[in-house]
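So, here's a batch of structures to check.
Two complexes come next, and they have one chain in common, chain A, joined by chain B in the first and chain C in the second.
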Partner chain A sequence: MNAPAQAAQLTPQKFKSDVKPVWCPGCGDYTVLSSITKALAALAVRPENVAVVSGIGCSSRIPAYTTCYGFHGVHGRALAAATGLKVARPDLTVIAAGGDGDGYSIGGNHFLHACRRNVDLTYIVMDNRVYGMTKGQPSPTTEPDWDSKLSPQGTGLREFHPLVIALASGANFIARATSSDPNGTAELIVQAVRHPGFSFIEVLSPCVTFRPEQRTWKDRVHPAPVAPTDDPGRAARRLMTDDGFNIGVLYAGHRKPYRTEQSATPSSVAELEAEFIL
Partner chain B sequence: MRRLLTGNAAAAWGARLARADYVPAFPITPQTEIIELLAQWFGAGEMRGRLVMLESEHSMVTAAAAAAATGVRVFTATSSQGLLYAMEMLYTVTGWRVPFVLVNVSRGLASPITLESDHNDVLAARDSGFLQMHCATCQEIVDSVLLAYRLAEEPAVRLPAIVNLDGFHLSFTREPVELPPAEAAAEFLPPFEARGIGFRASRPSSQAVAVLGGSPYSYFRYETHLAAQHALEVYDGVAAEFAQRFGRRHDAVECYRSDDAEIVFFMIGAFATKAMDAVDRLRDAGVRAGLVRPRLLRPYPVAALRRALAGRRAVAVIDQNLSVGKGGVLHGELASALYGQAEAPLLASYVGGLGGRDIAPEEFFQIARELGEAIAARQAPPPRLLYTAGELRQMRNLQAIAAAERSVPGVAA
Partner chain C sequence: MTQTGKGMTSVSVALAGSGGAGVMTAGNMLLEAAAQAGYYGLMTRSSGPQIRGGEAAAMLRICTAPCDSVDDRYQVLAAVDWGNVARFAAELPLAEAGLVVGDPAQGEPPEVFLKSGARYAPVTLKAMAKKIPGGWPNMVALGLLGGLIGLPRAALCAAVEKSMKKGGDALAASLAAVQAGIDEAAKLGAGFPLAPAPAGSSRWLVTGNQAAGYGAIRGGVRFVAAYPITPATELLEWMSPALARVGGTLVQAEDELASINMILGGSYGGVPSLTATSGPGLSLMIEALGLGVAAEIPVVVVDVMRTGPSTGIATKTEQADLNIAMYGLHGDAPHLVLAPNSVADCLLTTQWATHLAESLQVPAIVLSDQFFGQARAVVERPAEVSFAGARERAAPNTVDYKRYALTPSGVSPMAIPGTPGITYTADGLEHGERGTPSSAAADHLAQMDKRARKLDSIDYGEHWAEIEGEGELAVITWGSCTGAVREAFARAKGDGVSGRLLSLRLMSPAQPEKLRRALKGVKRALVVEQSFGGQFLRYLRAEYDLTCELTSFRRPGPLPVRPDEIHRKILEWSRA
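Up next, the complex of A and B:
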C-alpha cells in the first residue's frame, strides 16, 4: 500500500535496529518486537514509510528497536501522538504500541476516543497485567487478588476488559494475540494494518520478572473456537464467554475510517474573504 | 530513635509520624518506594487509614484535595512528569484552600528523558499556590513533612505544601536520621482541626466553584497570595517550636559560614551539601566563602535573604533548573529581592546539575575564583552553564557517530 511498485520485499531483519533491547531475559516483549518486524516485512512496506509510536513503559521502548520512524514519548499519550501523525501523513503506516498501564490507566481516555474516532492506525498493547517499568504495581488489567507491595492482598478492583471496551467504543478491528506465538501474532498484525480504521490488538506478553507465574500463559492460550465476525452484537456475545485466553480475530467491522484528506484550502485572500460573506 | 534511612523512607516516615489518614498514590521513578512503604504499613496495620492507587497523578491530586476538603489528613507523593501531569489540579486546588502535603522527588523533565534530578519539575509548580520546602538531607525530609503539615493546616494559611527532595541523591541515599518519637510528633502536630473547611457530616453543602468576573477573581487570588505570605511569619514560629522540641533548627533560610563571607554560594536541595563541603575547603585555603540556602521557597523569604546577603561582596546563584529563554529561576528571584538594596552583592548566574549531572568540587572552586575576579572588576560575569570541555568533546563525538550512522545507506539502499 505504500512504496510505489512495492520494491523487493525486505526481510524482518531489515526492520530491526542495532539497538539492543534492555528487556529482562524471557520478557514477552521480545517476541512482540519480532512479530512486528515480521509483519512489516510481510506487508512489503519500507521502514521510512512506517512510524512506530509509543508511550512510556518497558513495552514502550519498542520504537527504538525498529528501523522505522519512532516516537517514545510521554506516559499514556501514544494514541494522541499517533492520531496527529496519521491525520497529517495519511500515507504512513502508523503503529501505536505500549503497555496496559500506558494504554488503559493514565492514557485510558485516549483509548476510548481513538476507538470511536476510527483513524486508520494499529494499536498494539502488550498486556502483562502489571506496571513493569516501575517495578510491579497493579494495572487496570491486574487480577483483583494479586498481591503486590503497593496492594497487599490485592486491589479488590474489577479488571478492565480491553476487548469489551474496544468493541463498545467503536474500534473497527479487534484481536487478541500471544507473545508465545510470534508467527500467529505477526499474521494478526498484518491483518490489523490492512484493515481500514482503528485496529486494536491485545497481546498477552508476560512480565517474567514481576509476574513470573505468567510463564504458564503459553499453556493456557488457545485459538478462538469461532470465526471472526463483522457483527458487533455477535462479537459482544462471544465476549460474554471469553476466558481471556482466546487467540485470534474477534471482530472485523465495516465502519468508515476517519477521513484524513484535507478539505480544499482557500488559496487566496479573496477566496478566504468570500467565505465570510453572508 | 536513630536509623539509617533513604530519602524516600524518610518521606514515608514523615507521613507516618503525621498520621496521614489517606494516601492517593501513583508510581513513578524515583518516588515509588515512598508509596510502597506506606502501603505496607497500612497493610500491616502499623498505620491507620487508606492508600488508594489512582489511574494517574491528575486524579491523585484531585482525590487528595477532595479528601482534604472533608477534613482528613492527606499525604501524597510524585515526581517530574507526574507533577506536571497534575499541574492543572495544582493550581485548582490551591483555590480550594485545603491543606495537604505532597512530596515531590525531583527529576528532570522530558524531553530528552532522564530519571535523575534537577529542579525544573518543582519549579514548574512555583506559581501554583502550593507552599514549597526544599530539603538537603534525609533528616530534613522527615522534619519538613511535619513542619509542612503545621504550616499548611494553620487556619490563616490553609494551603497545600510541597516538600521537595532530590531524586537519587536523596531518594536512594541512606543517611542517619533521628526519628521523632510518635508521641512527640503528635504533640507537635496535633490532629487536623478542619474548622472552617466546608464539608461536615449531616450538613450537606455544595462547593461548586462559581465563574467570577475579574474583580472577585482578583480578590480571591490575591487573598491566596496574602495567605502564602503570612505563612512566612507562621513558619518562623513553627520552626522555632520544632527546634525547641527536637533540637533541630530548620530556619526558612540556612546560612552556613556566610556571616563574614565575601563570596557566597546560593542554592537549594541536596547539592547544597556539596557547596558546604566546598566552603570548608575554600575556608581552609583562606577564601572567605559561605553558603546561603533557602529551605522555604514559597513563600519566598525576601527579608531573611536580604539580611543574609547584606554586605556580602559576590553571590553565585547555582540553579539546577533552566527557564528556557531566561536562565536560572533562582537567580532572577534573588535579583528581584536584592534590587535597590544598599550593600547588595554582585550576582552571578550559573546553571548546573541538570538532569542529574554532577557538580564537582573543582567547579565550586572555579566559581569562587570567578567571583573573586568579579569583585576586583566590580562586574558580575555573564551567566554560564557548568559544563566541561571534556563533556563537550564527548558530546561532539557522540554527535559525529550519530551523523555517520545516519549517512549510512542502510535499509534505504
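Up next, the complex of A and C:
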C-alpha cells in the first residue's frame, strides 16, 4: 500500500466530480463509482495523490467522474498506462478501471501480463457481459448462445473466466464484488488498494439497457461461504467450481510486488559517457 | 580509397568466418586499435539468418578524417574460413587491386570475391594459431589486417589487452598470435598502409544506438518501456543499466502496444519517457501516439528503421518509415518527426527531440536506422548542447485551472499528479479547455488549432537542417544518406562540380520558409534517399513550395548507400 497517511479524512463526496455520467439510468456503474469514492475516503488519501486510469467503454468513462487525476486512454490499454504511471510514480495510488470488453478482449494480453508483473495497483473491472457503448455486442464473458445482430444465435464461444485467468497469471489479490452492494464493494476496494501487488476486483455490474435480465443478479449474489485463502490450489478449485455469484475476497497471496532495481552506484549523467571516451 | 604520397586516407577491410570464429571480436579490436592509433573509423557487421553461429562479417573503414559513410570497395577481405561467406558478396565489393586472404586448409575463396581482379593470398591462419598454445586464428587475422593497413603493433596490443582484462596465458597467446599475423602481413607485399594519423583530439567510440540512448538521458528521459526488436534492442540494452545509474527505470513490456501506453502513463505522471522500436513496432504504436497528440502528453519514440515492409529484412537498413512517421496517425494529429544525420548526431537529435517533445507537450518520432544504430564509429566528441526550457508545469491550487487552456502559444501548463487543487482527466476524447469531453464543433476547432499552433509557436533555430556548400546545384537528403552525399560532393569537387548539401533534421513540422532561404539561388536539386517509392521526394513535394527543378536518386535497402553511386549520379545529373 502506498496511500500516504493523511491527517484529515475527506468525505466520499469530495472524490466525486461535477461531470454528469453518460451512463443509462439504472446502470450498475453508478454504484461502482460511489463505492470507489467511499473507498478513497476510507483510505484517507487525497484526490491529487490518486490516479484513475481507463481505456474505452461505458465504464471506462469513470476517471472524469472523480476528482482524482484521471487518464482516459485508448481502448484496451488501461493496464499498460496504469503500469507505466505506477512504475514511474510509485508514490501515487493507481486504480485502473474499465469493462469486460476493454479488459478481457482487446486488452486481454495486458491483463495476463499485469497479473504476472504484479505492480502495486488495483484493477476494477465492471463486468456486464456486453459491449454497451457500441450498442450490444457479445464480449468475452457473454454466454455462448446470447443472440445479437453481430453474432446471431450467439458466438458459440465458451466464456472467459477472468478470476481463474488472474490466479493462473499471478494476480496477488482476487475478489468478486457486486454493484448491488456499494458498501461491500467499497470495503473490497479498500482491501485491494491496501494489499501489495496487483489486486483484481471483478464487479458484477448489470447493463440494464442491453442485458435487462441482469437485473436479477442482485437476487443471485451471495457472500462467499469461505474465508479468503492464500493457497492458489485451493483458490483455483474454488474459482473453477463456484456459481459465479460468490462475493468477497477469493484469494490473497504473498508475492512480492514488482520493483525496479536501482544501481548501487548512482552516477551523474556526464559519468555515463566514460565508456565512450577513447 | 584515396591514396596520397604518404599513404591512404581511407582503407576498408573485412573479416569473415563462420560462427564461433571470433570475427566480431577481432573486428572490434581492430577498430579499437585504429582509434588508439589516432584514426577515425566505422565498423558495420553482417551475419547470416542463424540465431547463433552461422557466418558473420565485420566490415571496417579506417580513415584519417571523420567518416559517416561506408566506402565503395574493400581493399582487403580476410576469412578465417569460407563457410557461407559468399552470401555477403553483394555487401563486400572488392577493389580491383584488392587482396583476398584465406586459409588454404579451409578451401579456395569463392569465385565471386576474385571477379574484381583482387589478388588471392593463401595464409595458413589455423596452422599458425595452432603453433601458439592457446592461440586463435582470429587473433592471427587481427595482426595480419593491422599489419596490412600499417597500424602500430602497440595499438593492436593495447586493443587486445583492453578487451582481455583477465590477462594471463590467454592474453599472452593472443598477443603472440597478433605478432604472428603482423609478421605474415609483411611477407604479403606493400599492403595498404594508412597515411599518418591526424593530431589527437577528444574522441568517442560509440554506436548510433548508444548515442541515441545517451542523448535521451541528457534530454531528461528517466522512464523507458519497450519490447525487444531488431535493430533497436541494443539501444534499450544500453539504456537499462544507464537509467538505473541516474535514478530512472526501464520496463520490458509485453508488446509495443503496452510500451507506448506505458510511456504515455509515465509521462502523464511527469517523468520524461521514451520507447525505441523499429517499423513493425512503430506500426503498432500509431493509435496511442494519436492519444499523445490529443491528450498533449510528450513521449519520444526512436524508430531504428529496417528494411520493410512487414518483417522485411530485420538486420538491414532502409529509409522507408518516413511516410508512417509523418502521416500514419489518424485524424489531423500534429507531432514532431526528427532524423539524425550521422552516428554521432543520434545523440544531438534524440536530445533535441526530447527537449522539443517536453516543451511542446507532444509526441516526437526520431527516425534513426539500422546503419546508424548498429554501426560503431570513432567520432569527434559530440558537443555539449543544452536546450533551455522543459515541460511547463501548472502551479498547485491554480485558480480556475484549465488543462487545455487556449493560450497564445498553444502550450498550456500541465498538471502533474500529486499536485493539489488542479486535478484533471487526460483524454483522447475531444475536449474543452478543462479536459471535459466535448463533441461541440467550436471545441474541436479550437483544440485542433491549439495543437497545431504549438508546433508553429517556436523558432527551431539552426538545428532544423545541416547546410553545407554553395552553388546553383543542391542535393537534398536526410538521415544515413547524408554521409555518402557529403563524400560524393567532395569527390565531385575534383571533377569541377560543386553545390549545396542540405540534410533535413526536422522533418515535422516542415520549415518551408527556412528551406526556401537555404535554397535561394539554387536552380536544380537532386533528392537522395534510400526508399523504393521515393517517400522523401513526395514529402518534399507535399510540404514545401519548391521552385527549383527536382531530380530523384533513390533505391531501397538492404545495401548501404555508397558515395560512388551518388558521385556518379551527381556528375551525370550536373552535366545533363
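The working rule: the second predicted complex is superposed on the first by the 256 of 278 C-alpha atoms of A that agree within 3 Å, B and C clash if a C-alpha of one lies under 4 Å from a C-alpha of the other, contacts with A are read in each partner's own complex, and residues count from 1 in each chain.
We take it that a contact is a pair of C-beta atoms (placed from the backbone, for glycine too) under 8 Å apart; a residue touches a chain by one contact, two chains touch by 3 or more.
Source: prediction; values computed, not measured.
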item: Touching partner for A:67 - first (chain B), second (chain C), both, neither; value: both
item: Residue contacts on chain A - larger count, chain B or chain C; value: C
item: Which superposed partner A:273 touches (first chain B, second chain C, both, neither); value: second
item: Chain B versus chain C as contact partner of A:152, first or second or both or neither; value: first
item: Touching partner for A:138 - first (chain B), second (chain C), both, neither; value: first
item: Which superposed partner A:48 touches (first chain B, second chain C, both, neither); value: both
item: Contacts of A:110 with chain B and chain C, given as first, second, both or neither; value: second
item: First (chain B), second (chain C), both or neither touched by A:83; value: second
item: Those residues of chain A which chain B touches in one complex and chain C touches in the other; value: 46-48, 67, 72-74, 76
item: Contacting residues of chain B [partner chain A, same complex]; value: 25-29, 32, 35-36, 39-40, 42-44, 51, 53, 55-57, 81, 85, 110-111, 113, 410-412
item: Touching residues on chain A, where the partner in the complex is chain B; value: 10, 14-15, 46-48, 56, 67, 72-76, 105-106, 108, 131, 133-135, 137-138, 140, 149-153, 155
item: Chain C-facing residues of chain A, complex; value: 19, 46-49, 51, 53, 63-64, 67-74, 76-77, 80-89, 91-92, 109-110, 112-113, 260-263, 265-269, 271-273, 276-278
item: Complex interface listing, chain C residues touching chain A; value: 35-36, 202-206, 210, 214, 217-218, 222-223, 225, 241-242, 244-247, 249-251, 253-255, 257-271, 273, 287-288, 290-291, 295, 378, 381, 415, 417-429, 435-437
